[in-house]
Every structure is written in C-alpha cells, then in structure tokens.
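Once you scroll down, you'll see the structures, which are given as structure tokens.
Shared between the two complexes below is subunit A, which has subunit B as its partner in the first and subunit C in the second.
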Partner chain A sequence: MSSASVYVANRRPLSHTIRRSLLYFLTAILLVIVLFPVFHLVELSLKPARDAFVMPPNLIFAPVWDNYALVMTPKFLQPLGNSAVVSVATTVISLILGVPAAYALSRGHFRRDQALSLWTLSTRMAPPVAFGIPFFLIYKQLDWIDTLHGLVIVYLTFNLSLVIWMMRTFFDGIPTALEEAAYIDGASIIGTFWRVTLPLCAPGLATTAIFCFLMSWNDFFFSLILTRSEAVTGPVAIANFMNYETWEWGKISAAGTMIMLPVVLFSLAVRKYLITGLTAGAVKG
Partner chain B sequence: MAKNLSELRVSRRQLLKGAAAAGGVTLLAACTSAAPPAATQAPVAAGAKPYAGTTVKLLMTQIDYGTGLSENLADLEQKTGIKGQVDMLAFQNLNQKADLELSTASGAYDVLQMIYIRTGRWIGAGWAEPLDSYINDPNLTDKAQFDVPDFVSGAIAPFTVGGKIYAFPWLADCTIVGYRKDLLEKAGYSKFPETFDDLQAAAAKIHTPDVAFFVTQNNMHWIYPNWMLSYGGKFFKNPPTDLTPMFNTPEAIKAADMFTTMCAKYGAPGCGSLEAAVAETIMHQGKAAVYLDGTGNVQQIIDTKRTQIADKFAFTQTPKGPAGHFPQLAVHGFLMNPAGKNKKAAWEFIKWAVSKETMLKMAMNYGHIATTRSSVLNNADVRKKYKWGDSDLTALEEGVMKQAGEGGYMAYRTVPSFPPVGDRLAQAITSVISGQAKVNDAMKSLQTDVIGILQKEGVKINP
Partner chain C sequence: MQPGEESVAFRLAKPRRAGASWSRARGRTFVALLAPALIVLFIVTIVPTVFLLATSVTPLNLAKLASLRFVGMENFQGLIDDGRFWNSLAVQARLSFFDVTLQLLIGLGLALLLNARLRFLDLIRSAFIIPMVLPPVVVALNWKLFFTPNVSVLNWLLGLVHLPQPVWLMDANLALWAIIISDVWEWTPFVLLMVLAALQMMPEEPLEAAKIDGASGLQVFRYITLPLLRPVLLVAGLFRFIDSVKAFPQIYIMTGGGPGNVTEATNFYAFLEGFSYSYIGYSSAIIVVMLVVTFVLSATIIRTVGQEAEVE
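Moving on to the complex of A and B:
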C-alpha cells in the first residue's frame, strides 16, 4: 500500500473532528464552572485582605501566605487533627463491621433479609437534626459529650448503613461460581471471602471508604452539638472564623483549603479504583 | 488535651444511665426544669485565693471581646486563682448550642452569653441565676469597685426583670450609619439626611448601577425596626403586657414600603439577604454609599487592612421619621448558669469579665467600641481612639444606649415570643424585597401568622 493511501485511510471525517473539539470545549466549560468555587477559595486564601474583593479581580498577583500562618494555631490545628482521627477511625470501624455484614446479606438466605437491609437504613431515614437531642441526652448521661469516641460512635450509626448498602451491591456483582470453585479447592467461607471475593471488590471498597471518610470529615451538625472544646472538628472550627463583627475571609479560605487538601490528595491517589468502583454495575455484563 | 479512643470503655453503670436517658427523651421538658444545685463555694477571704484550682467555663460568640478575655485569663487567675476557659462559637451556632446546654441543664458551662432576643425566654424559664444576692454580699462584691450604676441604663435594663439583675452587659450594638462622605458631597449633601424621607430622596439622586446607594445586613428584624418605629409602627401593642401584633397598621405598612423600596430599588445587589460581612465588603469595594447596621459591624468599614477608601467614610446617627428617632439596640451579657457547679467562682469570673479594667482594655486593645460602661465611653483615650474624622463613634454609641434605655422602646425585643415572630417578620420583608409579594399582602399575612404563633405559645391577644 502506498503512503498516500495510508494517509487517506487514517484521515478522520471533518464532522468527527468538529464534534470532538466541541465536546472538549464543553468539557472545559463544565470544568471551569465546577472548579471555579475551588479556585476562588484557594485564590482568596493567597490574597492579602485588601485585595481579596477588589473589582475587577486581580487574577495575577503575588501570593501571600499570611492567612495560612494565621490559621496554623492550636485553635485550628487541634480540630483538624480531631477530624483526621475521627474520620479514619469511623471509616476503619465501619468497614470492619459493615463489609462482613454486607457479604452475609448478599450471600446468605435469611427469611427477612430484605427487611433487615431496609432497617439498616433507618438511621438515615430522618435528617440528622432529628437525632440531635436524643444523642445529646444519652451522651450527657454517659459523659461522652466532647469526646472523640463519642463522635466516632455517632458517625458509625450513619456510616454502617452506607457501607452495608454499597458493599452489598458490589458483592452481588461478583459471580458465586468463583467462590464455589474456591470451596471445591478446599477453601473455607472466611478464606474464600478474604482471598477471592474481597480482592475482586477492591474498587468498591475504595469507593465506600472514601464516602465513609467524607461523611465524617465534612460533618458539621453532630460536631457542633456533641462537642464543646476538646473534640471540636475542622468544619466547626472553620465556622468559628465567622466573627460576630465580621467574617475573616482570609482565614476561612485558608482553613477551607487545608481541610479540602487531604481529601483531594486521597481521592487522586485512589482515583483508578474510585472510577472503577463508581461505574461497577453500570453495564450488565 | 483531647480525649481519645482509649476512653471508649464504658462501665455497666454508664450504659444503664445512657439507656435511661434514651428512654427519657420525650421527657425533655421535665429535664429542662430541673432545680439548680445550691452554691457550694466558701466566701472570699481578703487577699486569699479560695478558688485556686477551680475552672470556670464560658460559652460566648466568636468576637474580639472573647479573644481579649481568652488572652487575659492570666489576670483572672492571678487575682482569684480561677482557671478560666473561653469557648467561642459563630453567633448562629451559639444560638443553638446555648439553648441546648441551658435547656438540658447540662451544667457544662458556668457562664454563658445572654443573647438579647432570648432574654425573656431564658429568664422566664429559670435558665439564668439572679445575681442580686452575689452583688449585695460584701464578702463577694466590693460594690464601689464593681460600680453597677456605671453600666449605661439602656444596656442593663433588658437584664433587669422584676427588680432583679440576671446578667451583666458587655456588648451593646447600636444601629448607626456609615457613609461615603465624598459621594454625598458630590450630590450636594453637606450633611447626612436627617429623615428617612430625605434619605429616600438622596437615594434617588445618588444611586447608580455601579455604585448602589444603600446596603445592610440580612437580619431584617434588626434593621427594619429602624424604619418601623420611626414611622409610628410597632411590633406589639404594649409589650410585655399586651402582645397584640401591630403589623397591619398603616404606619407599619408605610415603613415596610419605605424600607423595602430602599433595598429593592436603591440597594446593592442582594440587599436584604446579605450577611453583615458581605455588606461590609461591598462598602470596602466602594460599591455602596450608605451602610446601616450595629456599631460593631459598621466600624469594620474603616478597617484599613481591608479597604483602600477608609478615609472617605463618616459615621452618623440613623435618620428619624414622623414619629421620632428610634435607633435600635442589641445588648448581650454574661449570665450565671443555675446548673453550674461553681457559682461563686462563676460570679468572680463575671465580675472580672465586665469590670471597668477589663472593658477599658477591650476598648483600647481589641476594637470593642460597643462597650456598656459609661466610664469607658467617657475615657479620654477611648474617645480619642474612636474619633474618625469628624465622627465621634463613642458619642453615637452612648447616645443610642441612653435613648433606648430612657425611651423603653426596645421592650418588644425581649419578650419570650420574639424569636419566632422576628423570624416570620424577616420572611415577610424579604419576600417584598425580592418581589415575591406586595407590601400590603405581606404585612397582612404576617399579622395573621404572628397571631397564630403567639396563640400557639399560649399568649393571650386581642386582635
């Protein structure tokens, strides 16, 4: 085949190129819209107070780190640390308890397994505010207010249902024939679960873990109600930069960027699993 | 130090107590009326530190005054031995948190911020300890030094019920106006308009699409009354004895019409729904000519760290109306929690937190102009500090406090039913500003709904 004919064969129709360019263009616009608040948050955190809201905005400026220096105090760093401890603990415990429960519900044959699944959702059937006073009164009696374990337990009640429902869907998508093959080879139920099923569900596990982490990391309501000074978490600490006389925009944006950063980095690190997990089951194979 | 997961162990007794609490959730009302424990501390001996090792916790809003208290706790400890702790929350969150702590008699905080519009409700519910026995006990209080009469009348009046004092004020937010002198002068105004009618006329002259005439914050039940009372309108017929709502009177409707026109026609974009900090920012950007709000907020527009046009601002009193001049006042104090465990130490804390020395320090070092002591407002250094060009902020502050105290027109704000009524009023005003409702319809519907709210709360009214 001559080089000219190869060239002709590889040429794409003009309409395809235009369509593709249009798609890229629309994607870029969508990205700008979606990411603008994030950009604005970071931009505000790096501008001196006087320039923060100048119109028209200065898009090219020498960044200053004053706002970050101002929030790097125990007043914010301790709550940030509390957020990390509570969120990691909640995520780990939710997965340890919820994943086997989801597996049992997926593979077991109970008389009322549908009803059981539904009841696990009961903690999410009302807005958090409905549970606020009951939790406060119970915790007051237990002397659990303003404790990290108190927060972990309250987040567990919400996260467990999330883990069970999400992981059950992933387990349902794994063919039982693979497990049966492992049984024939002499594997136990736990061994099969650990060596065969769970590795196949790794993307689902990563997705579920991220959602669990985010639920605890971003919670504001329970942290406000059930803490006072020692166990306060990041979101409440950020809100406290809203001074009675004025809002400290620079500190709010610097603290907001700092609280967003770990989640962004974690999501980037596991993005491969995240995308696989989010699309799993979207197409019936 | 933060409590950690190692404390997860729970005794059987704790679990049983928790279960009992869960069962008792529906008995919340009963829990809230629990009798306060008796004071247990010994009287103060002169020169001694009887409170050494005692911790007193304060819950208040996030504000520079609170930062000042936090940073000066060593003074308190040196004088009394008390170890103080100041927990501060954003104001919106404080409202929820303080209500919860007091209603459940948790006793976690010894001293709390008395929130102005909750005064009637909290005192009525017994959630604030009467302080007279502490004031009048010579072992606990040096009356000459503490000097109760030094508190400006308008500031202490809301916390005095039935001749008893339930809290001491530390913040008196008074509505004033901050304005762009250059823009008004350019339009031919050598001084700020004295009446709301004149203000409207000035707005028509000065407002442009680029620079709005007016901006204010979104707390409508705090801003609109400046107009409402000045035009002869009222919230209630004769608070606190006759709470018949008066929102459908011609005066209230006229005031609502004037105010909503100011916001909708001459206001900055979003006027009526902007947070105070956003309104301040609009002034900083030079996007509005006039800002009406409390002293605590309005003075922020001259923060030279945040604006390059601070020298163009001036301050004055709010305009008058046909019925007179009614600038608004919001006072916040410190109350003693009846469920607290260290009442005498809490009293020492309150005395220190509102003392002349502390308040002077706050005024001089922490930008606290909304002070409540006459001696501080008349201190030469304070007066000098709060002079901005020709504007005398301390004189404005003291003037409003005295006027509100002597006039007694702020009584509407401390009736126990005010918070839900205020919220409903804010909805009505916002709906008119946003063009969703006509002013007549909104005010009539407000009247009907408020009657319902009051009747639901057991208030007898004569519609």
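Moving on to the complex of A and C:
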C-alpha cells in the first residue's frame, strides 16, 4: 500500500469506519447462513455416526470415509450413472434442436416472436404434475415407464425452450456484418452459421449446455413418477434411503454431497448468466 | 467491431449478392432450422396439455379399466364440495404469499445493503448462487435435518438462548413455516441478485440531483430508487410466485403434506389424488383449475410489467 492511501485511510471519519465494519460483520453473518447448510451436509458425511450429532458440533475432526463406502454400492451408483446419462443425453438433444432454431429466430425477424416468449413462459408456469399425468399415461401405453429415454424426452419439456431462449439472446449479441462478409466470400447460410457465428457464441453455448444439464440433474418429480427401479435417478434414490432405512443421516449426507458437488462446481462456472437462464422467457440477459 | 466497419461490410454486401433472392433463400433456411425444434416442442408441451384437458373430463382411475369416458364437468363439480381441495388452495395461498413477500422484502433489503462497494462483492455473489442451484432434494434434506429434534443444530442454538425447541414438522402451527423458511433460504438470493444487478445499472443523475436538492436518504429511496426498481421487483416476484406454485420436493420430503393436511398445497394434493389414490381424472381437474389461476395471476403481473417498462 502506498503512503498516500494510508494517509487518506487515516483521515476517514470514525463513523464511516464503524459503518463499514458493521457492514462487513453483517455480510459475514449472511454468508454463514447461506453456506452453513451446505457445509453441514459435507461435514456430516465425513463424520463417524457416533460423533455426528454431538452438540455443539465439533468442527475440527478427522474425516472418515465410512459413509461414502456405504453408499458406493450399485444401489446408489446406478441411479447416479442414470442421472449422468439422462442429463447429458437431454442436453445434447436440446442443443441440436434448439441452437439452430434460436439462430433462425435471432436473424429471421419472425412476426410471432412474442408468442414464442409466451409459450416458453407458459411451460414454466405449469407445475411438473401437469405434464406428469399425461406423460405417465402415454408412457404406460408405450411401455416406457422406468426407461432412460422416457426421462430424456420428458426433460425436453423444459430444456428445449430454455435453449431456444438463452441461445437467442447470445446470437442477438453477435453483429450480422461478419455473416454478410462470409456470405460474400462464398459461404452458404448454414456454413456461415457453423463456421462464423457459432464459434463466436462458444461461451454462450457452454453456459446453455451447463444450464440444461443442471435442470435435468436436479429434477425430482418426473423421476419419482416415471421410474421404478431400473431408471431411477440420484435425487429419487436419496429420497428412497429416507423411506426404507429410516434416517441414516450418514448415508443421506454422503449421497447428498455426491449429487450436490457437480452442481455447485458447474454453476459457479456460469454464475454470470445464471439469472438469464433462470428467467428465460421474460428477461433478456 | 467498430460501427464504421459494419456499415462498410453492409455497403459491399448490397450491390453484389445480398439482393431479394438472398433474403428469400435465407428465409427458407431459417424456416428449415426452426421447424424441427418447434415440432418437437409442440409434441412435448401442447400434446400433453390437450391430453390433460381430455382426462380432466373423464373419471379415469388407474385401478379400474374402461374408466375413460366423457363425464363433462363432473370432476369440476366434485371439486366444489371437496373440503380437502379448498384446504389445499388456502395452504397454497399462504405458502405463495409468505414465500413471495418474504423473499422480495429480504432480497431487496440485502441488495441495498450489499450495493456498497464491498471488497469481496464478487465472492459474496458467488456464494449466494449456491442455494438456488442445489438439487431441491438436497435443500429439502438439509432443512429436514434442521427441523428434526436431536439432530438439529437450529434447535440446539434455540436452546442456548433459552427459546423453546419445537418439533417443527409435527407441529400444525409450524410445519408450513418450516417449508416457507427453507424456500426463503433457497430463493431469496434470486431476488437479491436481480435487484443488485438493477441497482448497479441504475443511472446516477437522478440520485445525485435529489441529494443536491436536499432529499434525505429515505426520501431518495422512496421516490427514486424504489420506482426505478419496480419492474425488476415485479419480474422477480412473478418468477418466485410461479415457482411457489410448483413447490413439491420440500413438501414430499419434509412433511408429506402433514401434519393432518396443513402443508398439503394444491400441487401436492393433485399428486396424491393422481398417483397415490389413482384418481387420474379428478387429479387432472385439480391441475386444470390450478393452471387457470396461475395463468390469470401471472398474466396480470406480466401486463403490469409490460405497461411500466421494458425490462432488459
């Protein structure tokens, strides 16, 4: 720190310093409230059962991996694998269908633009149970209950409109002059999109992909009603720990930590666009 | 890209190939790019909606075959005499009202507080993202843990300051509040981040002018900041309202609708009727009513936002 800034800092009135400290103090409390539940779950997952609920909680302890050993059985690993397969598959399909559509909407100046925004919002308004009943009945007819492809298709109900909306916002931000230049140089419309526009949108594409992945990974309701045993996903598998094995918090916290960690890491990567994704249909980012 | 470059490229493009045929070809390509997505979107959203409307006028029951016949408004008439349905609406109204109000108030308050130039603001913002991206199941388990005596850190803290240590989820007066608290924890950051973004983009001139004219901090907030924040608060409120109607994992895991049915919100009641008791037709009718109410309320909010300002 230079001597000049020390001088300025010393000249600040006392009330300002007090206000500032108070602000930092309040912020610290807030951070504890926001982060403690997450920390607590991880902490429980690393404690032996007999120490888990000693009050006050001892925050310094030697971590043990017993709880993880207990959940690392096919009973949980298979659902975890299902979650990964279904989430990746629905993300890829949503991108393949949705990205070209978003590009067309961004460049085509269609008159029904508003209608699509309303459509996107409406699918968001419907509680999962509204889609749950028809999909359940249709899948029963098709014998698709408890299948991974059944889940992949259901997740398109929210992921496809999410991709269209988010990618459209990103495409709107790319100037068309570049595309026109490429076209003059002899590139086709599709070629221009593929070689010029899409690479420029790479960060937006990554953000959208992560969003789709999160939405499917976090789903509870559809997996609950549309799967039985083979296609069960991580969140439902954890809920099942609860019902049949009565409060094994060690196992629950270890399994919870495992499905929570990828989400936390991914979402920190997309934090800049998080609100854009969460408000798809209403707010442009 | 400089504005100049753009216009040069545009001028070059015009006389050479970007004529009427180019834009027609472009138009055709765009339709081809758009069509597959719209067709799939139609199949996965509109078709099920029509299906739902159709089942809502049948007595469809999974336990009984051949229950797929038209009964007109019978299910909807049944709803009128169904005390449990009315109870679910009342629970839903309480849940949505307190969810949205508390999240908006706390989110706004915290945003104003954090709008100061704090050194770790970016770090703090990242931390606030975590609750809302967690799998809802994990949030529900977290709070189940805090609301279960003997394992609850929360109750231990209450004991330290000699407050009663309730059995939250078994207490008819507290169970719904337990759900609301977990929702507020999960989603207040959403309001906070939206308002904070709006605050940081707010024009400085009106604020400065008001201060020069001698307005107090409270007056500046009441007459300048708050009106400028109105659109963003409405949009945040709209999304919080929509999601509060969808509250499911917390209810399923924390209370199962109980004790009695004090936490049985409408979407949970529809789930029970449809998937626990197999009355699919009746359940569809509940959902149709619920959708209509949600759409009407949301449309009201959207129209208010639309009239006031374009939210960017």
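We take it that the second predicted complex is superposed on the first by the 215 of 285 C-alpha atoms of A that agree within 3 Å, B and C clash if a C-alpha of one lies under 4 Å from a C-alpha of the other, contacts with A are read in each partner's own complex, and residues count from 1 in each chain.
Just so it is clear, a contact is a pair of C-beta atoms (placed from the backbone, for glycine too) under 8 Å apart; a residue touches a chain by one contact, two chains touch by 3 or more.
Keep in mind that this is a model prediction, so the values were computed, not measured.
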Counting only touches as set out at the top, which of subunit B and subunit C does A:103 meet: first, second, both, neither? second
Touching A:66 in the superposition: subunit B (first), subunit C (second), both, neither? neither
Is A:78 touching the first partner subunit B, the second partner subunit C, both, or neither of them? first
Is A:249 in contact with subunit B, with subunit C, with both, or with neither (first, second, both, neither)? both
Once the shared chain is lined up, is A:239 touching subunit B (first), subunit C (second), both, or neither of them? both
Contact breadth on subunit A, by residue count: subunit C or subunit B: C
Per the contact definition in the header, classify A:225: touching subunit B only (first), subunit C only (second), both, or neither. both
On the A-aligned overlay, A:137 touches which partner chain: subunit B = first, subunit C = second, or both, or neither? both
For subunit A, give the residues common to its interface with subunit B and its interface with subunit C. 52-53, 55, 132-134, 136-138, 224-225, 236, 239, 242, 247, 249
Give the list of subunit A residues in touch with subunit B in this complex. 49-50, 52-55, 78, 81-82, 85, 89, 132-134, 136-143, 145-149, 152, 224-225, 228-231, 236, 239-247, 249
Residues of subunit C touching subunit A in their complex? 1, 5-6, 9-10, 12-13, 16-18, 22, 25-27, 29-31, 33-34, 36-38, 40-41, 44-45, 47-49, 51-52, 55, 60, 110, 113-114, 116, 118, 120, 124-139, 141-143, 145-146, 148, 150-151, 153, 156, 185, 189-190, 193-194, 197, 235, 238-239, 242, 245-246, 248-249, 252-253, 267, 270-271, 274-275, 280, 283-284, 287, 290-291, 294-295, 298, 302, 311-312
List the residues on subunit A that touch subunit C in their complex, please. 23-24, 26-27, 30-31, 33-38, 40-41, 44, 52-53, 55-57, 97-98, 100-101, 103-105, 107-108, 110, 119, 121-138, 153-154, 156-157, 160-161, 164, 175, 177-178, 180-181, 183-184, 189-190, 214, 217-218, 220-221, 224-225, 234-236, 238-239, 242, 247, 249, 252-253, 256, 259-260, 263-264, 267-268, 271, 274-275, 278-279, 282-284
Subunit A-facing residues of subunit B, complex: 1-5, 7-8, 10, 14-15, 17-18, 20-22, 24-25, 28, 31, 57, 59, 61-64, 85, 87-93, 96-97, 100, 104, 106, 108-109, 275-277, 280-281, 284-285, 287, 296-297, 299-300, 303, 305-308, 367
